[in-house]
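Sharing a structure here in structure tokens format.
So that you can tell them apart, the chains are marked A, B and C in the order they are listed, and the count of residues begins at 1 in each.
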Amino acid sequence: MRRTPPPWALGGLGLAGLVLVLEATPRVGLVDRRYLPPFSAMVEALAGQAGTAEFWRSLLETLRGWALGLGIAMVAGVVLGLVIGGVPVARTATTSTIEFLRPIPSVALIPLAVLLFGTDLRSTLLIVVYATFWQVLVQVLYGVRDVDPVARETARSYRFRPLTQVRTVLWPTALPYVLTGFRLGAAVALILEITGELVIGSPGLGRQIAEAQNSGAVPAMYALVIVVGLIGVAVNAAARATERRALRWHPSIRREIPA
Amino acid sequence: MTLLDVRHLRKVYQGRGRDVEAVRDLTLAVGAGELVCVVGPSGAGKTTLLRCVAGLLEGTSGEVRLDGRPVVGPPPGMAVVFQEYGRSLFPWLTVRQNVELPLKEKGLGKEDRRRLVDEALAAVGLAGDADAHPWQLSGGMQQRVAIARAVAYEPSVMLMDEPFAAVDAQTRADLEDLVRSLWKRLGMTVLFVTHDIDESVYLAERVIVLSNSPTEVLEEVAVDLPATRDQLTTRSLPRFAELRAHVYKLIQQAKNGQRPVA
Amino acid sequence: MNALRKGVQLLGLPVLLIALWWVATVNSDNFFWPPLSEIAGTFRETWFTGRFTADVLPSVGRLLAGYGLALVLGVGLGVAIGSLPVLRAVLEPVLEFFRAIPPPVLVPVLMLFAGIGTTMKILVIVSGCVWPILLNTVEGVRAVDEVLRDTARCYRLGRRARLLRLVLPGASPQICAGARQGLSVGIILMVISEMFAAGNGLGFTVVQFQRTFAVPQMWTGIILLGLIGVLLSLIFRVAEARLLSWRNE
């Protein structure tokens, strides 16, 4: 019997292959090295970047903007989701509005944000919060809809106070969905954070990428793109790990609702 | 004449660091036109055997021959009815399309396909449900669709892997009678795997009892019941009770780890 | 009576919100928040006197071209990768990395290769949309039911039938989920690529309005972008419902 190597080895092979392609294609002249410098040049530029205070400041700005936007969107999404979802009248009344507002591309708000806040970090924050909020809200609404009617009735028949009802019935059922919202929202927030920095010019790695491109520092630009990609991988992995950890105890079988 | 021939079949699953011998040494033969049931205690490797016969799984050693030719992949002329009726029908196809799909692949013309599908659906009592989707039917009806698909395929051998294990008792009795009547009418060869002792005796001409894992054939029991069977009279025959008791005893022995005498 | 109630549920809040907006801004002399009546008044003149064909159609055209290409590429490669376990294991981390790159950073990268023309914008849209579609297709192909696969093998379905009758429909719910994510990424990229560098298009025009402080016009642009987003997601939903009509839901 032929046994295949373990997945991590194959995955490593794939990554090594990518690095090799990135190194080799510009060297043998398949692509212009002004457009795609060899991988080693990107690494060199990255090392150069890592030596500057500006890089670290930008990195921090990006992470801060991301965390802030995600935090605001989470709080707003969860609170509104529980309120809207917990009150049947509110739910039926808001459904169409939510379905209408959700697909509005958040980047459409960029001009408004720039007009209101200039290139301030608030501009980016606005679009991050807008985009992330819907991801969270929709998941929470799904979660609340999932609440066992018997549990709800029980809580009501024992005349639990509203806040106790939320704590004992709504919240535990909605939690897995909240975490799914967190995972999806974390990825979306990063995309919009970088987008805002790139297009609006608020401080962060996105702006540095735009600056590197404008000044023709191509290897540095690629280096920053790689850094941003790695942040994305880390964010995804961390969000998934959080979800798994928090739900180890949870008995419910969850379905992911595509948002 | 032997149609299906299993000789010294052995199957070892290679796990991480530990190999599991599921089937040790299985030899059995099914004649053309015969209806044979295979019973064994749960976990006896019945499904492994069936998957090897169907060509879905490669044995570690030994061989399976169908009509004299070694089985290396799913052979032509073989139809399989799985236990998981809900998962063996294509949910995106209607009942008719489900039955028709294998016929299209066989390259049959439109007229032939229509005739075979209509006949098969009528034979299982689903003539009126051809345009339904599987999820609109009850479990028993879904399994009928799977049987119709197998029948329309005009196989020389039909393999059935605990096909009625997941339907209710009432439906199950109906489906058993359906299998008997189709078998007699169409003259197919049927290899029927089950863990239900009553079912095996009621259906089969011959019952093959397996040992527990690693599997071997413990004993073959010829079922000398009248050819025309029905749920009420056949099951109350003294001979039925005797056979049932015999197979039951064998299964108990198998569970206790008894092996066939070499 | 029932229809009336449904109508109120559906339209009640939106009408109320728009009315609120209208009333709140009716005498507004705030530069950033012009009266809604003024925005509504300029809408037609802003967009339907030439800009519709000059800006809106090219934008939407590029979006559809890029999105269509991404669908073909994503589903095609996804089926191939999903069907070959070893290939999948090799490519998984690479794909995860590409998916994690926020798509808008591809704009400056692809500008190097393709300038600032239509090709670049379509390429940006393709390279952003393709990842969710691709990765979801891979997952979908992988998740095709085992018993169904066995059934297809037993009845000796050929390559073509296996692809068209087993793998693609089996993976279609996941493919749709990926395609939906891809669509919202695509709209973002349509706008971004035009804001960055362009001579026409919706994103370009809206930014022009903002830079020239044509505030009511800018508002109409934002509203138009919103409407396009809503319209596309509606069309998508109809298509998805048709494609997945076999599902018992």
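Convention: contacts are C-beta pairs under 8 Å (C-beta built on N, C-alpha and C of every residue); 3 or more make two chains touch, one makes a residue touch a chain.
Chain-to-protein mapping (UniProt): A, C = ABC transporter permease.
Since the model is a prediction, treat every value here as computed from it, not as a measurement.
J.: Work through the pairs of chains, note which ones touch, and then classify the graph as line, ring, star, complete or other.
T.: The chain contacts form an open line.
J.: Looking at CA centres, what chain is most distant from chain C?
T.: B
J.: Looking across all chain pairs, point out the one with the most C-beta pairs in contact.
T.: Here the largest contact count links A-C.
J.: Need the CA-centroid distance for the pair chain A / chain B, whole Å please.
T.: Computed value for the inter-centroid distance: 51 Å.
J.: For chain A and chain C, what's the span in angstrom between their mean Cα positions?
T.: 17
J.: When the C-alpha atoms of chain B and chain C are each averaged to a single point, how far apart are the two points in Å?
T.: It comes to 49 Å between the two C-alpha centres.
J.: Show the residues in chain A shared as contacts by 2 or more other chains, in ascending order.
T.: Where chain A is concerned, no single residue meets two or more other chains.
J.: Considering the complex alone, what residue numbers of chain C touch chain A?
T.: By the definition above, chain C touches chain A via 9-14, 17, 32, 85-86, 89-94, 96-105, 107-109, 111-113, 176-177, 180-181, 184, 187-188, 191-192, 195-196, 203, 206-207, 209-210, 213, 215, 218-219, 221-222, 225-226, 229-230, 232-233.
J.: Any idea which chain B residues touch chain C in the complex?
T.: 54-56, 73-74, 76, 78-80, 82, 84, 87-88, 90-93, 101-102, 104-105, 133, 135-136, 149, 153
J.: Under the definition above, what is the set of chain A residues touching chain C in their complex?
T.: Spelled out, the residues of chain A in touch with chain C are 4, 7, 10-15, 17-18, 34-36, 92-97, 100, 102-112, 114-116, 187, 190-191, 193-195, 198-199, 206, 209-210, 213, 218, 221-222, 224-225, 228-233, 235-236, 258.
J.: What residues of chain C sit close enough to touch chain B in their complex?
T.: Counting only chain C, the residues touching chain B are 145-148, 150-151, 153-158, 161, 165-166, 169, 172, 246-248.
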